[in-house]
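What follows is a set of structures for review.
Shared chain: chain A. Partners: chain B in the first complex, chain C in the second.
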Partner chain A sequence: MLKVESVYKSYKKQNCSIFSSKKQEILHDISFQLQCGECLGLIGESGSGKSTLSRLILNLERPDFGKITMEGQPIQNWLESHRGEMSVVFQDYTTSINPFFTIEESVAEPIRRSKCKYDKQVVAAMVLHLLEKVQLSSRLLMRHPHELSGGQLQRVCIARAIATQPRFVVFDEALSSLDVSAQTQTLLLLKQLKQEMNMSYLFIAHDLPTITSLCNKLLFLSKGKIVEKIEVQKISQVQTPYAKKLLASVLPFD
Partner chain B sequence: MNLIEAYNLSISNSLTGELIVENLSFHIKRHTCLGIVGESGSGKSMSMKAILGLLPSSLKTTGCVRFGDIEMIAAKQETLRKIRSKHICLILQDAMTAFDPLSTMGEQIIETFCENMNYTSCEAKKVTLEVLNKMMIHDPLLIMQSYPHQLSGGMLQRCMIGLAMALKPEIIIADEPTTGLDSINQRNVLAEFKRLREEGMTLIFISHDLGVVRYLADDVLVMRHGQCIEYGEAAKVFTNPDQPYSKYLVDTRKSLTKVFGELINKGAATSC
Partner chain C sequence: MNVWQKLKKDKMALLSLGIIVSIVFIGIFAPFLAPHDPLAANIKIKFAKVSLSYPFGTDQLGRCILSRLIYGIQTTVFLSIVTMLLTITIGVLLGLMAGYLRGIVGEGILRLCDVLLSFPSEIMILAIVGMLGPGIGNVVMANVASKWAWYTRMIRSLVLEYSDENYIRFAKVAGYSKRYILCKHLFPTILGKVLVLATLDTGWVILNISALSFLGLGVQAPTPEWGMMLNEAKNIMTIRPSLMLAPGLAILIVVAACNFLGDSLRDALDPKHNQIKGMKL
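For the complex of A and B:
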C-alpha cells in the first residue's frame, strides 16, 4: 500500500547564519513498505527523525531525494484523488484542535469538508456515532477543548481522524502524553477500531510495550537510519545493539 | 526521623469554594523516597506546590506542613524562598516554561550556581559542563550557548534534573520528570535518580507511571480527585493493594506491558 523508497531529508543546521549551507541530515536512506491492513510500528528515541518521516508521509513536507508512493501513485497525487482516506493523530492534542470549536464542530469538520455532501442531521448523527465509538459521552458535544481531560481530548482527536473512514491512519506519538490508565484504554480502542474498520496504521512511539501490543511489524529508527526491521513475534531476537538497548530499557512490571 | 510531615493538607479555590485537595497527610523519612501516583488532575502537583508556597493567591491552603522546625504553610515568602533554593528543589514537569526564554542555558545554569553555591563563574562553568556530561548530553558547549526554545523537551528536562542534583538540596521533589522522555533517556534519568537515592538523597517522586514509581519509591501515596486513596509501603501497594482504585491502576499498568512481556518470555524460552 504505502511504499517509501530511499528517502533523504535534511534541515538547515541550528545556530548558523541563515546564509550558511551547512545542513543536518535528519533522514538517511529510508525504505520500507506497508501492506494493506498491516500495523507498522516505528520506534526510536527523540530526535531520531520519527516525526519528520511522518510529516513526509502526510505530504506536509517534501523529501530531498527518494520517492513516497501510495498504491503506485506519488503521495501528493494520491492525497488529492483520495481525500479523507488518510488521516493523522498528533501527540500534542491541545494544539491540534481548534480551541474555539466545540467538540461537535471539531469532529464534524472533516465530514463537512469531504466530497459527499450530507444533511445537517446526518452529520450530527455521524458525530454522535463516532463519539460512541471512542467511548465518549454525548454530553461532551457542546463543550470546548479546554473543558476536557487529556485522555478525553485525545479520543476526540481519534474520533476526528476516523470521521471520514480513512484506510490509513498515522499515529505520531498519539499515546505518549496520556496517563498509563488512559493509554491502556486508548490502546484497546485502537485495536478494536482497526478490526471494525479494517484500517492500516503507522504507529510512531518511543516505548516498546505500547508498540508491541498493537503492531505486527517494527522498524527501529536511530539517528535517521532504519537499523532493524523485525516482526513483533520475533522481537526477542533483535540483532542490532540499538534495538537491544531499547529492549533493555523497558522497566519490568509484574 | 521525619524530614517533612504533612497533616490535613487541603487546598481550595477561595473564589468558588471548590475543594481541590482534601485532608492529605503524609511524612517522609530522611534517606527514603515517597512516590505519589494518580491520574492527571488528581492533585499530585498541586499539593507539592502548596508545600513550597508556589500556588497563586486565589488558591487557599490549610493544614500543617512541618519541615524541620519550620511550619511551611504559615511561613513568610522570604523564608520559603530560602528553603526552595537551599533545602528543597522542585523539578517541574513542563521543562519548556521552567527556563527563562531570554537567556541561554549556560547563563542561567551558571547564574544559579553562583547565586546558590557561592562558586566563581569559572568554577560554575566547570561544574555545569560536568553536570551536562553526567546527564548524557552529547555536546554540552553547544547546549550552553542555546536558548531553551532551541532544545527538545527531553534535553531541557535533563538540564533541569542535572541542575537540581548539583545544588545538593536535602529533598528533591520531582514532578513527572520522566514523562516527556523516550524510553532510553527515561532509563538513564531513572538510573541517575536511583544513584541519588543510594547516596542518601531524600526524594518525593510524582508520576502517573507505576512502573517508574515502583523502581524508586519506598512508600507510595495513591491519589484520586484530590483525596488520598491509599498510603503505605510500596511493595504492599503494588502487590496487594487494599483499595479497588489502586488495583485498577496496577492492573492497567500490567496489561500495558503484558504482550511485550509474553513475547520476551516466549523468545527466552525458545532460545534456551
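For the complex of A and C:
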C-alpha cells in the first residue's frame, strides 16, 4: 500500500549566516513498505528523523530525493483522489485542535471535506457516534478544547482522525504525551478500532512496550537511517547494537 | 462562552464601550444635538461663562464650545476610525499574503515594509503632509501610510506562528484548500489579536490627527476639530486657560476608553482566559 523509496531530506542549518548553504541531513536513504491492514512501528531516539518522515508521508513537506507512493500513485495525487482516506494524530494534542472551535466542529471538520456531502443532522449524528467510539460523553460536544483534559483531548484527536473511516492513519507519538493509564486505554481503543475498521497504522514512538503490543513489524531509525527491520515476534533476535541498546533499556521491565 | 458574554462581566469594558458608542452616536446626530451652529461666530458674547444656553461657554469668537465639540466628533473620531479601518484592511490583506505566499511576492512586500519602517512614523507623517499639503484627506493618507507596514509585518509574523500549528496541518491532510485554512483557521485567530492592537492604536491615531491639527497641518479652520480647538485655545492660554479644558478632556476620555476597551478585548478574545481567572464555567 504505502511505499517509500530511497527518500532523502535535509534542512538548512540553523544559526548559520544567510549566505552559507550548509545543510543538515535528516533522512538518509529511507525505504520501506507497508501492506494493507498492517501496523508498522517506527522507533528511534529523539532527533532520529521520525517526525520528519511522518511529515513527508503526510505530504506536508516534499522529500529532496526519492519517491513516496501510495498504491502506485505519487502521494500528492493519491491524497487528492482519495480524500479522507489518510489521517493523522499528532503528539502535541494542545495545538491539535483549533482553540476557537468546539469539539463538535473539530470532529466534523474532516467529515465536511469528504467526498460524500452529508446533511447537518447526519454529520451531527456521525460526530456523536465517533465520540461514543472513543468513550467520550456527548456533554463535551459544545465545549472548547481548553476545557478538556489531556487524555480526553487526545481521544478527540483520534475520533477526528477516524471520522472519515481512513484506510491509513499516522500516529506521530500519539501516546507519549499521555499518562500511563490513559496510554493503556488508548492503546486498547486503537487495537479495537483497527480490527473494526481494518485500518493500517504507521505508529511512531520512542518507547517499545506500546509499539510491541500493537504493531506487527518494527523499523529502527537512527540518525536518519533505517538500521533494522524486524517482525515483532522475532524481536529478541535483533542484530544491530542500536536496536539491542533500545531493547535493553526497556526489557528489564517486561 | 462567547466574547460578548465575557465583555458583559467586565465593568471597565462596558463603560469604555458605552462611552465610545455614545460618542459615535452623538457625532452621527450632531445636527440634532448641538445647541448652536458650530461655525456661527458672535463676537459680542466671546468668552461667555458657562450657562444654560452655552453649557461649556463660548470661545474667543463667541462660538458655542459644546457645539464645536459635538461636531468635532465627526472629524476627530470618525477620521481616526476611517484611518484604522484602512490600515487594518491593507495590513491584513498584505500580511496574510506575505505570510502565506512565501517567495517573491512575500519578500517584495516585506522589503517594502522594511523601507517604510526605517523612518520614524512622525517624520513620515510630517513629510507626507508637507508634500501633499495640509488637509483632512492627506492626514488620513499619511497616517495610513505610516502604519500599514507595521501591521503587515505583525500579521505576517502571526501567520507564520500559527501556520505550523497541528490543527492547520490536520486540515491540510484532510484536503482543505489554502483559502479555507486562511479564512477559517488563520483569520479568526489573527483577527482577535489585530482588533486588540487596533483599539489601542485608535487612541494613537486620534492623538496624531489632533496633533497635526494643533500644528496647523491637519484639519483647517473653521472646521471644528478637537486638536485645533486646543491649538486655538493655546493662543489665548494666558487670558482664558479654561478654554483648553473641554477639548483636552474630550481627547483624554476617548483615548482612554479606546485603550481600556483594547485591554478588555484582549482578555475576552482569548479562549483560555477563563481558566486563568479560575472562573467556573
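As a convention for this text, the second predicted complex is superposed on the first by the 250 of 254 C-alpha atoms of A that agree within 3 Å, B and C clash if a C-alpha of one lies under 4 Å from a C-alpha of the other, contacts with A are read in each partner's own complex, and residues count from 1 in each chain.
FYI, a contact is a pair of C-beta atoms (placed from the backbone, for glycine too) under 8 Å apart; a residue touches a chain by one contact, two chains touch by 3 or more.
A quick note: this is a predicted structure, and the numbers were derived from the prediction, not measured.
Visitor: Overlay done on chain A, so just call it for chain B and chain C: clash or fit.
Guide: On the shared chain A, the partners fit.
Visitor: Draw lines from the C-alpha centre of chain A to the C-alpha centres of chain B and chain C: what angle do they form, to the nearest 10°?
Guide: 80
Visitor: Would you check which partner chain A:Asn98 touches, where first means chain B only, second means chain C only, and both and neither mean what they say?
Guide: A:Asn98: touches chain C, not chain B.
Visitor: Figure out whether A:Glu147 sits in contact with chain B (first) or chain C (second), or with both, or with neither.
Guide: After superposition on chain A, A:Glu147 lies in contact with chain C alone.
Visitor: Looking at chain B versus chain C in the superposed three-chain picture, what is their shortest Cα distance in Å?
Guide: 7
Visitor: Where on chain A is chain B touching in the complex?
Guide: Counting only chain A, the residues touching chain B are 14-15, 44-47, 149-151, 176-177, 179-185, 187, 206-210, 212-213, 232-237, 245-254.
Visitor: List the residues on chain A that touch chain C in their complex, please.
Guide: My answer: residues 58-60, 79-80, 83-84, 86-88, 90, 92, 95-101, 106, 109-110, 113, 144, 146-147, 160, 164.
Visitor: For the complex, which residues does chain C have touching chain A?
Guide: Answer in residue numbers: 165-167, 169-176, 185, 188-189, 271-272, 275, 281.
Visitor: Touching chain A in the complex: which residues of chain B?
Guide: 39-41, 142, 145-146, 150, 152-154, 179-187, 190, 208-212, 214-215, 248-249, 252-261, 263-264, 266-268, 271
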